[in-house]
Amino acid sequence: MRMINRHPPKGLVLLLALLPFFLVFLTYVTASAIRLADNPADKLLPALSSIADAIDRMAFTVNARTDDILMLVDTLASLERLAISLAISITLAIVAGLAIGLLPYPRALFSTFVDTFSMVPPLAVLPILFITVGLGEAAKITLITIGITPPLIRDVAMRTADIPRQQLVKAQTLGASTWTLTLRVVLPQVLPRLIDSLRLQIGPAWLFLIAAEAIAAEAGLGYRIFLVRRYLAMDVILPYVAWITLLAFMMDFGLRILQRRAFPWFADARASA
Amino acid sequence: MRMINRHPPKGLVLLLALLPFFLVFLTYVTASAIRLADNPADKLLPALSSIADAIDRMAFTVNARTDDILMLVDTLASLERLAISLAISITLAIVAGLAIGLLPYPRALFSTFVDTFSMVPPLAVLPILFITVGLGEAAKITLITIGITPPLIRDVAMRTADIPRQQLVKAQTLGASTWTLTLRVVLPQVLPRLIDSLRLQIGPAWLFLIAAEAIAAEAGLGYRIFLVRRYLAMDVILPYVAWITLLAFMMDFGLRILQRRAFPWFADARASA
Amino acid sequence: AAPKKEFKLAWTIYVGWMPWQYAAETGIVKKWADKYGIKIDVVQVNDYVESINQYTAGGFDALTVTNMDALSTPAVGGVDTTALIVGDFSNGNDAVILKNKGKLADIKGQKVNLVEFSVSHYLLARALSSVGMKEKDVKVVNTSDADMAGAWKTKDVTSVVTWNPIVEEVMIDKAARKVFDSSQIPGEIIDLTVANTETLKDNPDFGKALAGIWYETLALVVSQSPEGKAAREAMGKASGTDLAGFEAQLAATKLFDQPAAASAFTKGAEIGATMDKVRRFLFEHKLLGNDAKSVDVVGIELADGKVLGDKKNVKFRFTDTYMSAAAAGKL
Amino acid sequence: MSLIEVCNVWKEYGDTVVLEQLNLSIEQRAFVALVGPSGCGKTTFLKMLLSEELPSRGVIKLAGEDLSAEPTADRGVVFQKYSVFPHLTVLGNVMVGAELQSQSSAGKLFGRMFGDERQTALGQAHELIAAVGLSKAEDKYPAQLSGGMQQRLALAQALMARPKVLLLDEPFGALDPGIRADIHVLMRKLWNDRTLTIVMVTHDLSEAFRLATRVIAFDRRRNEPSDGGRYGATITRDLEIWPKREPTALDAFKSGRDDPQPLSDELRDDPAKTGMGP
Amino acid sequence: MSLIEVCNVWKEYGDTVVLEQLNLSIEQRAFVALVGPSGCGKTTFLKMLLSEELPSRGVIKLAGEDLSAEPTADRGVVFQKYSVFPHLTVLGNVMVGAELQSQSSAGKLFGRMFGDERQTALGQAHELIAAVGLSKAEDKYPAQLSGGMQQRLALAQALMARPKVLLLDEPFGALDPGIRADIHVLMRKLWNDRTLTIVMVTHDLSEAFRLATRVIAFDRRRNEPSDGGRYGATITRDLEIWPKREPTALDAFKSGRDDPQPLSDELRDDPAKTGMGP
């Protein structure tokens, strides 16, 4: 039978999905054991027990000095930054994206500019950014926003322009003004697609968050990773990385659920397009 | 007349497109003049003449100490790294993406793993990367590759899975094996879409390149930016950023042309889908 | 600039500057600021270079910085800067480390990983000249400090120049050999707290408050009392290590916990010689400006009023005013 | 006075003449079918009637006045595809035809209706939905409807806005023949019951002759490839259907199928309901 | 012996019975039309004939042997959409029908043909393309063709692989009536000229009766909503067309239009070529 027609039996599917994770885990444990046998003080690939200790220390023990749980503080700080920047980016993307996708004048004015701007590597202009907005929360939020807004705008503008011309004409023949047309016809159709774009930008958003926290912060997941990196404390870094991955995964999952719940018509409409 | 129906006259379009660039330029010149009036040695927003000097020094003057043109050396080093990583990423994306999108067993094995892996922030696991591949060119290329391959694989797999089931059945009724079906039916249809995904990854690729060169390098656009950042040489950083933007823009443009030339059927097919 | 009431100091994580963090956290900063009727915001910046850039661009009134970086960035950038506290000098905190090679001379021909144009670079230059070599005899690879410890673990890296706590981290490795360190050039790598000269001139109280905070905190840092130990432990934690790690770093630092000693060092003759070496190093690396014709473009005023370089373009000043006031208990 | 007057209209794109020298007047309550070969400019003509395109020369008048420069609610339209909004239910799609026109402040600000205004509109919407046989599908989204149901919905939506003229561009081109026959019956019924003037483009001659009161054919009079688009199409035939069809003549009308089915809530094209026998 | 034997076939998805107790045998050279209400399982049945789905119970035999477990070249297929490959020209689409089957090493390794093998295949391809009236469009891509042309191309492509049975799932459902009439003529001609057995699903009864030698209807015998899918559809009618149609009886066949046009290179559905008169 052709490979393309050979399906794994139901029971095997989950097992197969877990296999690569298990192999990575096994590789880690082996490599760690080898290094530790060579040098028991090796910090690069700590034993699972050291990692468990670190997790306990960071996530389940109240820090005496600051009277709080470090990992919780870091997570809240990072998530707050992410949430604010995502909110700003989404708002900007909707406003600018709809304007560029729908209205000829804003399109003529901004579409080339946004295209160009989205090519500027934000990490390279960090000094200017920090000096313009200072080193506080604003800087971190601005970096994330600058990093993810241009692609979001481009996407929203493209999705807006993809709405069949016929629908816009139709809405006008029903008496819509530009504003009500945007509100009732265009925006509701763009929102579920915005969720798709947003899912693509979750990865970059974390990247910029970590980069921003590496430069100026007093708490945050990226801050902690960079702080302990000087000491090569992989026993802290690895759980933090796993935690970030999990958070990102959950955000992705949440967005997918949101899309399905909030826009019940979308899955069918997309399938039949 | 509704905003949506109001089109700028032809002659105005170019002017409107240039306007935001001009405004940014004007803002810069003004802000720079104000700062320089205050402190003639200010390094943050150098005068245009200083920038011109820096460009002349970096791009048109043979460096006495190293006997070459710095900007040329940097550009070649960076482009080489980009080219190698893109080549590797594309190859991986095609192989893994086709397998995941087309074949049930690899899909069961790898799709969750790739999804999860694509959420790991690569910058956070650098030390592990170092011990695996060292600190040389390999590390930089690996970082870029790790950064952009997972989304590329996901995209190719999704595009592959999007190919109507009917086409796969049809090909089988024409006698195709899994291999010839992939080669003659699936791959040619996925390639032009891969170019779309690739265009989306150009930004991240530059980002990872700069991050990689910031860690350890002897030449490269990102290296130079981070090096001269030590003494706030914005007169060098700004032209470098502009140059990177231009290069990224040209790559984007080149990919668009390639898509049109190499896959003449694609534009029509997409429009009629 | 007019007198003002609110000031910002940027500091970065380094053993010699951790007192700022502790002072801010325990209220010492507030106590002294209140005394002079001002407000001082002590801001932690993770990235050292960024903190200097921010200060240079005018985002901060005061900064923790080394003598070399104070000259290369703010001073060259036209920001007149005064070193009002000489906190310590590196006495082993910076080191040249080779892998499996015991002599400095073995460095010849190797790739050396370090943060280019930093004090590490300077230390390398001084180390090389001590054995009659030039920078041309090695190949410098710019490597970010955050990744230095990880980089050491790779095969490609055979020699590094770096500072603590990374030195300690690297030295854990059995193959690591320290072949040169800053204790061999004592007093040349100086950790300062600097402030904008103009701001300081218009607001001398700001300088006095900083000096007051500093010496009250240092008294705790060196104290063998339980409070002192607790303070060191807190600073260790905040810098990502523990008490032992922090004390090891302190040991490699010549801390001027007595204002009188700091003041004496500042007025001493060596500092002039050091700054001359530093500016020559910077000039050779074109860090005094691309169009700098000579080492003299930027003037450096020493505590005794002598000026190195251009007297009309003094941008970096040493002064013992505040340290002497602290020593005299006149704050 | 005629409802629509087309006076010496030309349409050119750059050097290509698509339509030349159109003169036409359409009476109130006419049902005009527009036929002609592919690419001859039928859609272009409809776009001009919609004000989506402007004539290169000549003028079009609606009820004695020059056409406004952009689409307005006095001309409704149904396209072959994309006529209904995928994110609104059947009821939502029909309601939007009233909501977007509302002159109340809620209508202008949000394109929505509240209170009495909404109740009145809801009543009309239910009625129209019943008229096109979609009562049982009021809460469904377009993607859950068959092609025929979607086009019936598009008709109801267009009618909700009470246009003077209804423009149709191959509205049934993608439907299966049996379903087409049903919808033809509906079409005639709607035209009969409401004060409607209809202009419908179709590829299907029998459809044209079966439905319309007047069939107009566009074609190029000169058709040498060497012309290279220097000449456009124009009206080549203009037939009044005989015996003259009047709005009230519905009973006399028979669908094209042998067994015309009564219009009911359960039309043949409802995917959930279909039953058939040979 | 019949070419296709369907013996007591059931198809269930979970608890839902889609098809129950199908028994059917189809002769060599039959042209079977399959009709039935939407959702009754016609496509499902065709998928089983294709081996894209397996029967839940029962067996299907082709030429006396059990069907292979996956699609093979002995059964060709044309769907309503997506039957041709958008990235290949007309010629490429037809050639691929031979190339993918080639047993030469180039064929197995690259799915391509070279040298003599290719020349022979090219000859056949040109012939088939001519037979479906697409000679002038050999270098065009599917997106540049009208819907009717694409379906003709799909037929040529399927025939290139020389299947024993040709399966068609509403192949002309999306075409305009005039174009449909033309393609019906072509369909009959192809069936006549080649040793083909055809099973065609259609929604259009008149199409079924016009083309087929045998019309089979699927329906649910019990249709209470309360059954909740516990009963499936099965064969409710099985009509042999009378007078019996034989493959050679082509001349007697008339298209459904009043003026059947001769099959030529320039069919009505070529967007570039269309001309029409009322």
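Letters A, B, C, D and E name the chains as they come in the text, with residue numbers starting at 1 for each one.
Everything that follows uses one rule, which is that contacts are C-beta pairs under 8 Å (C-beta built on N, C-alpha and C of every residue); 3 or more make two chains touch, one makes a residue touch a chain.
Please read these numbers as outputs of a predicted model, since none were measured by experiment.
When every chain is reduced to the mean of its CA atoms, the largest separation from chain D belongs to C.
Chain C and chain E have Cα centroids separated by 83 Å. Centroids built from CA atoms put chain D at 80 Å from chain C.
Averaged C-alpha coordinates give centres for chain B and chain D that are 48 Å from one another. Residue positions 2, 44, 126-127, 131, 172, 177, 181, 214, 229, 232 of chain B each touch two or more of the other chains. The multi-chain contact residues of chain C, meaning those touching 2 or more other chains, are 53, 57, 147, 149-150, 153.
In chain E, the residues that touch at least two other chains are 70. In summary, the structure contains touching chain pairs A-B, A-C, A-D, A-E, B-C, B-D, B-E, D-E. Taken in their complex, chain D has these residues touching chain B: 69-70. Chain contact summary for the complex, chain B toward chain D: residues 1-2, 5. Chain E meets chain B in the complex at residues 50, 52, 70-73, 75-77, 79, 81-83, 85-88, 96-97, 99-101, 107-108, 110-112, 141-144, 157-158, 160-161, 163.
For chain E in complex with chain D, the residues that touch the partner chain are 35-39, 146, 173-174, 176-178, 203-207, 215, 217, 219, 223, 237, 239, 271, 274-278. Across the complex, chain C meets chain B through its residues 49, 52-53, 56-57, 72-73, 76-79, 113, 115-118, 139, 141-144, 147, 149-151, 153-157, 287, 290-291, 315.
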